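Several structures are given next for inspection.
In what follows, chain A forms one complex with chain B and a second complex with chain C.
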Partner chain A sequence: MPSIKINGRDIEVEEGLTVLQACEEAGVEIPRFCYHERLSIAGNCRMCLVEMEPSPKPIASCAMPINDGMVIHTDTDLVKKAREGVMEFLLINHPLDCPICDQGGECDLQDQAMGYGLDKSRFLESKRAVKNKYLGPLVSTIMTRCIHCTRCIRFAQEIAGVPELGATGRGENMEVGTYVEKALSSELSGNLVDLCPVGALTSKPYEFKARSWELVKTQSIDVFDAMGSNIRIDSRGSEVMRVLPRINNSINEEWISDKTRHACDGLGRQRLDRPYVRRNGKLEEESWDGVLSVIAEKMINTSPKRMAAIAGDLVDCESLVSLKDLMQTLGCNNLDCRQDSGAFGNPRSSYIFNSGIKGIDRADVILLIGCNPRWEAPVLNARIRKQYLNGAIIGVIGPEFDLTFPFEHLSPDLKEIKNMLEHPSEFSDKLAKARRPMLVLGSGALAREDGEAILGAARDLAERVNIVNSEWNGFNVLQRAASRVGGLDLGFVPKTNKDLGTREILRAAEKKEIDVIYLLGSDEIEMDRLGDAFVIYQGHHGDAGAHRADAILPGAAYTEKNGTYVNLEGRCQRALRAVFPPGEAKEDWAIIRALSERIGKKLPFDNLLQVRERMSEVNPIFSNVNKISEASWGEFGSRGEIKDSEFIQPIENFYMTDVISRASATMAECTEVALAKKEKAA
Partner chain B sequence: MSIRNWIYTFLNGKKIGVDEFGNRYYTGKGRKLNGRERRWVIYNGKNDASSVPAEWHAWLHYTVDEPLTQIAANSYSWQEPHEVNYTGTGDAYRPKGHDYKGGRRGSATGDYEAWKPD
Partner chain C sequence: MNKVIDGEMGLDSFSFSSQNKDLAEVEIAKYPEGRKASAVMPLLELAQRQNGGWLSRAAMDYVAETLDMPFIKVYEVATFYTMYNLKKVGKFHVQVCTNLPCWLRGSDQVVDACKNQLNISFGETSEDAMFTLTEVECLGACVNAPMMQVNDDYYEDLNEVSTKSILSELASGNSPKPGSQIDRKSCEPIGGLTSLIQQSKEAIESK
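Let's turn to the complex of A and B:
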């Protein structure tokens, strides 16, 4: 390990670091604009200048690799003068519009100008002005503010994998843009706003809405995909103003998808804010007292065999365990948290991302089966892309799709899994020879009628080509719904084969064999198949479920409750409440608890802590917060035939997949832009 | 109007005109102040500077040589008539929910849009 001297202190650092990283390790902060930990080094802002002996001139620390015996000074007059010079040059062409700039208060340039800026201008010539560019409905540009750090260009190229941004012109005439004007086609474009050290790229939906210092920041968990990305919810009063990523290297690094970031305006529209009961075919407003007694009466008078409960995609584990306990004390086991009827069951390793999201960084051959990670989990897709750049080989079985990286398209037909089992192909050889092969199975593939067979075939393939061994488990299921793994962990599934799952519940309801259906935030099932059943809808948005419902219990959205979510790799995480539910809406587990009292089967918990204790009782993984619990490998799936039918992607439109994003105006705009682009291409 | 002003105006004032509120405008006869003629207004009723309409205001502050009464007479249809400042009077603007307007605010402040069946 090389040993270097920073400001007179000797430290030993790892080989291959840059001077800036070494200084960071020594606890010395270096100002920077262009350098970013997750992007390549550009070295063009010159703000990170430090003095190195015996060099007469200061050096750019971000681009200088360390050598043994280096002597670095960061606090000398020369360094201060050099940085002040750089700052003065940067400010020459930067407008003085901080009071109306959305970046104000969280601007790197503003902060560093406090340390290195001159208090007056020596520049008497005209400032330059640059025309604003159109980058789509999410990123707003004020290009005069650009300081040409090229972070956005590098992000688009390296992380997002859409090389659409670039610079034209040189020197003072340099402009960042898309060459030919168009909207960015990345699902991660919102991250450009976070990366921009100044206010050149700002969030369009959030433009001029709030100032950073008036927002209350709450740490939370995202629910728009199953990744469980760590987010920060910024709220003002009772309104969620924006959502930003939190750094979590084992999940989302520091990126979030555009849906996670910008669907939050859907939280203010189409909200269920009071209970409703259907009388004479019309939904009428009702008090909590009234609606609970109507439901309780109905549930007491119905035989448990003729009741059912389906849970949706955004539900927290607290309400899942409450509803499960309620239904089971009533003697009803027709429960299902898999509203897409996916073939997920026991053991735990058959429905989670066994290698962990971090495991992608170690995989060398990746086989994607029946999934489109770019839409099902965009941040995870960026991670696969990163591993592709590190040399991983990627194969795809299923429909072809632009995944932002090249891959070997093995077959559009899922039958190829069986083929690979029976006749080893070129790609299965690559898998077998790989040190850490990985298989990613899409939840859409498992939701087919022959899902069990696909799961079984994938499992056999995994065993055949050594995807699963004593130190590495590369068998991964890519879940789409935030609540799915949690629901399966809590056993929110039919208890025995005689009890009904989603598919059978719908079939039975069509035949009028089900009288009461409890929908816990479930909107993505076929509502017209529910027959004459009395439908109780508990949720936060008026969507398909609320339209069909006979009784509506207004619940809380993910920003409005303290909830537990288990992400696709089986990591249990807690989200905190940022704002209160609107109107008369209540937290979901509390609604179920109140209902249980009306029915006369009071659930044994009175507060959140007791609900969580109950969750840990059902499954010990819930006491292991923020960590992945080991899942043991076992026998699962069936040896059945895989059908010949064409595989249909479960997500038609990335921007609208759930009740919140369907209510969001921003997401509607993104959809429009994406559609226009698709038509143009066709 | 104080007695002193009345006497001064009677002796030195030359009437230039009257505006729509009945305020009278004068210049000094011959006597100049700081090299220019004196201009002043005698208010109709309470002294309220905001009751001077724009066409007289410009003249009173030496922006123009003649009052802009001609231009004001031919005003555009979208121009609003001049109003005095009502702050502190009973006609002042008060938002809904103000104590003098019942003091009851609307129950929902409109930060979310509720779903309505059908």
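Let's turn to the complex of A and C:
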């Protein structure tokens, strides 16, 4: 390990670091604008200058690799003077509009100008002004503020895989933009706003809404896909103002998708803020007391065989365990947390992303089966792309999508899995020869009628080509619903073959064999198939479920409760409450607990701690918070035939997949832009 | 130099003539496999020539597609270099140097002559689409200053009269002689050699 001297202190650092990184390790902070640890090095802002002996001139530390015996100074007069010089140049053309700039208070330039800026300007000429650019409905631009760090350009090209941004013109006339006006075609465009070190790129939906210092910051977990991205919810009073990513290298690194970031305006619209009961075909407002008695009476007087419960995609594990316990004490096992009836098996490894999201960074051959990760988990897709850039080979079975990286399209037909199993192909050879082969099975494939067979075939293929061995398990299911893995872990599924799952519940309801259906945040099933059953809807938005409901229990959205979610890799994480539910709405597990008391089957827990103890009792993984619990390999899936049936895209529109994003005006706008783009291309 | 970032872009379709296709192949072949993008500048030049002296957006997109480059990367190159014209230019693109050596030697008169004769100012194109007048930085012919470039030719040692006559010749379809307009041989000193005379005599005699 090379040893270098920083400010008179000797330290040993890893080979291949840059001076800036080494300084960071030594605890010396270096100011910077263009350098970002997840982007390539540009070395164009010159803010990171340090002194290196015996060089007479300061060097850009972000672009200088370390060498054994290097002597670096970061605290000399020369360094200070050099940085002050750079800062003065940067400020020449930067407007002094901090009071009206959204970045104010969280601006790198503002912060660093405090350290290195002069208190007055010596520049008497006129500043340049740059026309603003249109980058779509999410990113607002004030390009006069741009300092040409090129972070946004590098992000679009390297991470998002949409090389649409660039710097045109030269010298004083250099401008960052798309040249030809258009919205960025990325599901990750919101991250540009975080990356921009100044206020040139700011969030359009959040524009002029709040100041960063008046927001309450809550660390939480995202629910718009199954990744469990770590987020920070910024709220003011009872309103969620914005959602930002938190760094978690094992999950989302520091990115989040545009839906995660910008669907939050949907939290304030179409909310269910009081209980309702349907009388004479019309929903009428009701008191908690009233609605609970109506439901309790119904449930007491219905045979458990003629009742069922379906849980939706955004539900927390606390409510799942509560509802499951309630239904089971009543003797009803017609439960399902899978609105799409996706196949799964008994060992946990059959429904999680076994390699872990971080495992993608080690995979060398990746086979994607029946999924579109770009829409089902955009941040995960960016990680696959990163691995593609590192040399991984990628193959796709199933429909073709623009995944932002090239791949071998092996077959549009899922039968190809069986083919590969029976007759080794070129690609299966590649898998077999790989060190860490990986298979990613989409939830859309598992949701088909022949999902069991697809699951079984994929499992066998995994064994055949060494995707699973003693050190590595690359068998990965790409779940889409935030509640899914948790629901399966808690056993929120039919207990035996005789009990009904979603598919059978709908069939039975159509035939009027079900009298009471409890929808826990479930809006994505075919409501017109519920027959004349009495439908109880518990949830937070007036969407499909509430429209069909006979009784409505207003619950809390993910930002309004302390909830547990298990992400697609099987990591149990806790979301924290940022704001209170609106009106009379309540935390969901408490609603179910209250109902159980009415029914006379009081659930044995009185507080969140006890609910969580109960969860750990059902499955010990719930005691293992923030970690991935071991999942053993085993037999699962069926050996049945994979049918010809056409693949059904689980997501038609990335921007609107659930009650919150469907209520969001921002997401509606994104949808419009995306549609217009599609039409233009067609 | 002000580059036009917006404005007329030209969306009509564009593709290389078969001759230019061959030339493009030659350029691309100069670079190793997978490094096609390196040929972007010569290809843009070909496109500009074929397109009547300027690069339409269609032409830039075509080059990008030919070289498997993102469009924006080609726009970046085309907007960076001043010799790529992103706006339509007239049949004759008159570029007058106004840098220091040319200015000291009277580029102001050349500029005035152009403006008066053509009735346009810098950055404009005459109504008959024959002339575009552009102010440029040093073109490297300072030794024969002042000078201007018309399409591919340099006209040097200009004054008001010679400038006007060149422009009228061009307008009437003739091709005025490029190079020095005062009968100077290439860039030798005016009035014959002033140094190295002895040596060259000896050299001649020894032959």
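Here is the rule we use: the second predicted complex is superposed on the first by the 681 of 682 C-alpha atoms of A that agree within 3 Å, B and C clash if a C-alpha of one lies under 4 Å from a C-alpha of the other, contacts with A are read in each partner's own complex, and residues count from 1 in each chain.
Note that in this section contacts are C-beta pairs under 8 Å (C-beta built on N, C-alpha and C of every residue); 3 or more make two chains touch, one makes a residue touch a chain.
Computed from a prediction, not measured in an experiment: that's the story for all the values here.
Steric overlap between chain B and chain C is absent once the structures are superposed on chain A; the two fit side by side. In the superposed model, A:169 lies in contact with chain C only, and not with chain B. Contacts of A:228 after superposition: neither chain B nor chain C is touched. In the superposition on chain A, contact of A:179 is made with chain C only, not with chain B. Once chain A of one complex is fitted onto chain A of the other, the partner contacts of A:398 are absent, as it touches neither chain B nor chain C. In the overlay built on the shared chain, the residue A:270 is in contact with chain B alone; chain C does not reach it. Measured by the number of chain A residues touched, the leading partner among chain B and chain C is B.
By the document's definition of touching, neither partner reaches A:190: not chain B, not chain C. Taking all C-alpha atoms of chain B against all those of chain C in the superposed arrangement, the shortest distance found is 40 Å. No residue of chain A lies at the contact with chain B in one complex and also at the contact with chain C in the other.
In the complex of the two chains, the chain C residues touching chain A come out as 1-3, 5-6, 9, 57, 70-73, 75-76, 79-80. By the touch criterion stated above, chain A contacts chain C in their complex at residues 131, 157, 163-170, 173, 175, 178-180. Residue ranges on chain B touching chain A, taken from their complex, read 108, 111-118. Those residues of chain A that touch chain B in the shared complex are 237-239, 267-274, 276, 282-283, 541-542, 546-547, 582-583.
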